[in-house]
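Shared between the two complexes below is chain A, which has chain B as its partner in the first and chain C in the second.
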Partner chain A sequence: MDAIHHSSEPSATLSPTHNMLPVLADRKRVNGPLGGTSAPIYSKYLAKDPKELPERPTRSRPNNVLRKMFLKTGVTPSASGSAYLELAAPINSKSVAPGLASLSPSGLKLTCTVHGPRPLPRTAQFSPHIILTTHVKYAPFATRKRRGYLKDSNERDLGVHLEAALRGVIIGDRWPKSGVEVIITILEGEEDQWWGDDISRGNTSATGWGMMSVLSGCITVASAAIADAGIDCVDVVAGGVAAVVKEAGIPNLVLDPVPSEHKDIIAACIVAYLPSRDEITDLWVKGEIGHQNQAEDRPQTSTYEELTDNAVQAALGAHRVLISALKETADVKLGRT
Partner chain B sequence: MAAWVERKQSLVYGSDDWLPRKLVLVRAGGTCPAPFQRPTKKQKASVAATASSSTRALNFTLHITSHHGIKSQSPSPMASTTPQSALSFPRETFAKLSPHPYLRAHLQPTSATATPTRANGRSPSQFRTPHINNGSLTHADGSAVVRIGDTTVVCGIRGEILLTSKVPGWRADKAAAEPSSGAGYNEIKELDLLVPNIELATGCSPAFMPVIPPSTLAQDLSTKIYSLLHSTNLLDREDLRIWYQPPDLSDPDRMDDDSEDDEETSASEIKAFWALYIDILFISLDGNPFDAAWAAVMSALKNVRLPKAYWDPDREMILCDDSVDKSKKLSLNGLPVAITALVFKAKEQAQSKDKKYWILVDPDTFEESLCDESVTVVVDCSEKKTRILSITKSGGTIVGREEMKDIVKLAEQRSTELSSILNG
Partner chain C sequence: MAPQSLQQILLSPAELSYLHTSLSSNPPIRPDGRTATQFRPLIAESDILPGTNGSARICFADGTEAVVGVKAEVERSSGISRDVDGEGEGEEGVKKGRNEWVEISVDIPGERDDDSNPIFLAAVLSEALLADGEFVERLWINRHFHWRLYLDVLLLSPPLSYPLPLLSLTTHLALLTTRLPKLLSEKDEDPLFSDDWDASEPLYHPPHTSHPPITLLVMAVQETIIFDPSKEELAVADAVLAVSLSESPTSNSSSQDTEMEMDVEGGKKRNLRLLAVRTIDPPSRLTHKGLANKVNTATGGTAQKNLEDGGGDGEEGVWCPPRGGAKRGLIKEMIGRVLERGGVGEEVLDGLCGAEL
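This part shows the complex of A and B:
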């Protein structure tokens, strides 16, 4: 498995307009109270006694079962191609009644549009292949903390990874002098950790675990939208995530981890995988497993290879949904219902 | 290990069968316009539709001759037999090449009995069917997804807390004395407690690409929503207040306390306000953004559940209770519904006796690109009498008193249709 890049274009995500002054942008929006507002703080956050705290959600699925996925293409008729992806929110068996919106577990909801291929502007330099531009943006209400309208570094990071994952899939030589834009709006993002850990109670390590699932979803949904737009690809690419989590001191491999369900995530890996070529177009590992020489005394410790292989398995699961969603659309198109 | 995955139902789009609209875009059920025959010498290119029994395969024929540049129209059968002088286009091409005659061809009644039909298959006064799905977003206190035809809007509302201590020039006694102290004082407006923003740069349409600061249309729509929220007096300001009632220290045991202080200590005061951030994202745009955005805002506002907030004097901060029972919904003052209508003018028909314009309600993108005059009416029919809350008209000179009356009537019709969905 090696990464093949068809295009040598630099990431177009970092276009110069990003660096516009926030002041300038804010003047064009309604900004609300001058003094600024603060997010509501729930009294449960501040409970001193751990018994008063609501219980941490736990994973109810077996380790190798992915969350339910909903995928549909053609949600934005005005775009060349579009798709919508939704991952089911984890069901918390322990909570009796659904809490208020802001404390309930969230799923993942992404919408993606593809515009193009269309001719590059006259001023652009000649390009022998298609120029791919990706944008990933969180909606202001996508996460527990309200997001701004300006892109932050996480969003740019996601855009770069997505671009890398898709660049190796599109047969770029078929569209010289043209460009295609992939735009993803995250209507609801994965949480980085359980909200109870937000106030530095737990000794959870790094943040940003939620980004892994988000990126995996972005890859799958973008792949569906590109297929919907009728852009030639070597295969449909799917994203998958696997993680090593510590449960009662024992490291364990899980597919499609939900960060809020695991207190200690040691490492996570996301791949963009092409099943028919057995090729990975994007690979990103976060966290540290430790070196292999520890494996003798602690046989459960997974290696990076195992982690990647499991992420590929997760990607295969997503691929299956992707194919069936595309088939469904094709059937409707051909009138076979 | 093998991965298991299942398909699930969508929360955002609800149970309503969400077909990829692109596939049924051509004509879903609508009747095809009859071929029109209007020989006009003044026309630069005469346009005819060849009659076809099949509704889908309707071809429009554009006659172009190199000699005069103008040629009066020939009967359809001839057009098909003389390919040198006639170019036959599929309807999409015709719509792109000459959009204005294309739409006029649809609207122009060919006989006295035929009703004009728009290019999208609707009659001029026909609205698209709305679909509304509430409460699908986890992190929003209230949310709605509204789909009107191919226009899809997501609206999420979040409440945040504005402490009165942070409000410049706030005096506790001002509001505590009596809410209506200053005449015309509206704290929702004065303190800017409603923050609506529209985002079009979500790839909803090729016209709006990300990375650019909000387009003029987005700013325009945000401002319209903002001013309409305030001018309709939609929200009850009591809903957005967070009161604090200091504990009554005048226990019977402590009779020695000054009785004068009691009055002051037991007076409740406003400690904070809820500010509502109303974010409206377009997922798909096919005309009429304002009506869809407003319907989404209304539906999301009806869906809002704010947690019970209270002042904690020990911690000196506002805390919220997470139980659903203690949370409350907003009480809305009426149910305003916005409708937009465009006026389509038959430019080249100034002399003829034919009807020169059509009023098209709930326009799509194609129609928006062809019309200059637009009217937006906001009505509230929640009580017995219809209240007109706002009328906005721009461009053109056609809409007069009579036309406005018709539009308001249409707005009333739409209002009953929409409010049954909004309430239900």
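This part shows the complex of A and C:
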């Protein structure tokens, strides 16, 4: 154990990010290298001739069209409810990438299991309602840069958002003294930026735009899994994302943005929306957002109203998929097919 | 499974219902007699820690107190791209800053630093700070070096109310007083700094740069919108939002000399920017439900047969934790109240200007 520890120390000092603490705390596993392993970069893709540079994928969908979504419930037999969600990876027709997996843009793949409702341990305090715990975890291989086994702050942040989105939906007081756990594993995560920006175009700050799509997927898939587990809800909640992107200097509103397809994302918004009640349980907006009272001399970007309304439209799209997936499962269960 | 959600709200369903009714009346009657937009009085001081680049302390009237220290370090920029992009440097609008250069840690007594609450608070604070990407640009020194900024936020008292506004205001003041040593070297030389602290340059220099962001807590009880809620008020909230905003630099059309007088007049138009909005899970969802007399066997009623018929839900004076989310219109209204001309956002910024320096 000691030997492993010592050998890992030099790499710890080399790592550019200073978060060696979580890895050192994880003593139960033999961990991978600390700095993370990234996919190999071949020098021929670093070519200086702009024609030879790999091209950024471009959005081929119209601005108001969502990516294709695959959603299926009941995929994990041992859990009381489960669901799997996949968003299609964007197809890049004019890609020069020679079919290397590491160069293709990634889609989004999430799997969610719900355990419970089950009784709380005897030692726990009395609770008049169900106790909801959410765990969101990236699989170590989910992103270009390897994620450790311990949850980092982004994952915890996603967990808090998901909890806020779900707690308003579940009718908690029907299960006093019980708990339910929602566990989401991200098998393939949305990228925060195009990989080419990472290696050849110098610095751009990755501002975590990918997290927003991931969260919206998490909300939809968790909602499906909760419905599959038969937990009473006021409505099925669906997540939707909208963003303002700058294309040739003109701000443009798009639904369901793929961060790798846009060079400049100015603002983004994600909502967890309850269609039948017209309510929002979770709202997260960030970026450079306009509002009505701003001074006239500033460039007008979309206001947060427009952003939220568009995110709600995206959520309605996800809701339709969600409902049909639940109907499909119900039909199978009732033997109607 | 840690029952972290079981924070103690020491109010009975009857008390909650009373509070809910009085807050949802128009105008709202708050337990401490404030108006809907009034903030609790606070004591603020800045530049209190000599070992830091900037620091501040704020003490709220309810006894919660926070200290923020800002430390800056010079760090060698990593990256393999340096030699490749010779031509990209002259381009307009090329972003040089990276978000990793700012590190915010929040320490709350009684909570582990990997608990979700401090991480959520740190995420809200850093997202407001990094929202426009302009702040990190100022940390860039040259192509090989940059400043790394550590913001350590310490809550000194137990968290009596939701500490977000307190931490945010303290961070705002600390950033306003943050000074970085003056750079003597040129271009891509190894950085050399002036050792004269009086010559140091402020990180934020309003009105020439934007103000540091502030995050305000807004809550709604039915149609009533309330600012700076206390813990008891949060216990009956229907919706809670954290709204981050900052002020853009005044436009260059106004002459630079008269700006100081305009500040004093206070009649200045502030140019507010919305940076981020997050919903916060209202603790009211975790409260006990009240029982109407007719379904309470202790008061001569008959116990309800099954849970589905709701047993006195919606009866006036019986507390029922809120279900579902917030209406879209309500959220718009809450954000609008913060940003409107002469609204709370401007008022808070005016107040903080008074505390400065």
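Side notes on the structure shown:
Operating definition for what follows: the second predicted complex is superposed on the first by the 273 of 337 C-alpha atoms of A that agree within 3 Å, B and C clash if a C-alpha of one lies under 4 Å from a C-alpha of the other, contacts with A are read in each partner's own complex, and residues count from 1 in each chain.
Quick note on the criterion: contacts are C-beta pairs under 8 Å (C-beta built on N, C-alpha and C of every residue); 3 or more make two chains touch, one makes a residue touch a chain.
Because the structure is a prediction, the values reported are computed rather than measured.
Contacts of A:277 after superposition on the shared chain: chain C is touched, whereas chain B is not.
Legend: residue contacts after superposition of the two complexes on their common chain; A:310 is shown touching chain B, with no touch to chain C. Once the two complexes are overlaid on the shared chain, A:129 sits against chain C while remaining clear of chain B.
Taking chain B and chain C in turn and counting the residues of chain A each one touches, the greater count comes from B. Of the two partner chains, chain C is the only one touched by A:235; chain B is not. In the superposed model, A:217 lies in contact with neither chain B nor chain C.
Touch criterion met: A:289 reaches chain C, while chain B stays clear of it. Contacts of A:117 after superposition on the shared chain: neither chain B nor chain C is touched. In the superposed pair of complexes, A:63 makes contact with chain B only, with no contact to chain C. Shared-chain residue A:144: touches chain B; no touch with chain C.
Touched by chain B in one complex and by chain C in the other are residues 17-18, 46, 151, 181 of chain A. By the touch criterion given at the top, residues 16-18, 46, 48, 120, 124-125, 127-129, 131-133, 151, 153, 156-157, 159-161, 163-164, 167-169, 171-174, 179, 181, 199-207, 234-235, 272, 274, 277-295, 297-298, 304-305, 308-309, 312 of chain A touch chain C in their complex. In the complex of the two chains, the chain A residues touching chain B come out as 15, 17-18, 20, 24-25, 28-44, 46, 62-79, 82, 84, 86, 88-89, 97-107, 109, 111-115, 118, 135, 137, 139-144, 146, 149, 151, 181, 183, 185, 187-188, 240, 253, 255-256, 310, 313-314, 316-318, 320-321, 324, 329, 332-333.
Listing the residues of chain B that touch chain A in their complex gives 1-13, 18-23, 25, 135-143, 150, 152, 154, 156-163, 166-168, 191-193, 195-197, 199, 202-206, 209-214, 219, 222-223, 226, 275, 277, 279, 281, 283-286, 305, 307, 309, 312, 315, 317-324, 327, 365.
Those residues of chain C whose C-beta lies close enough to touch chain A in the complex are 1-3, 5-6, 78-81, 84-85, 88, 94-100, 103, 114, 116, 119-120, 122-123, 127, 130-133, 136, 241, 248, 251, 253, 269, 271-281, 285-286, 288-289, 307, 321-328, 331-332, 335-336, 339-341.
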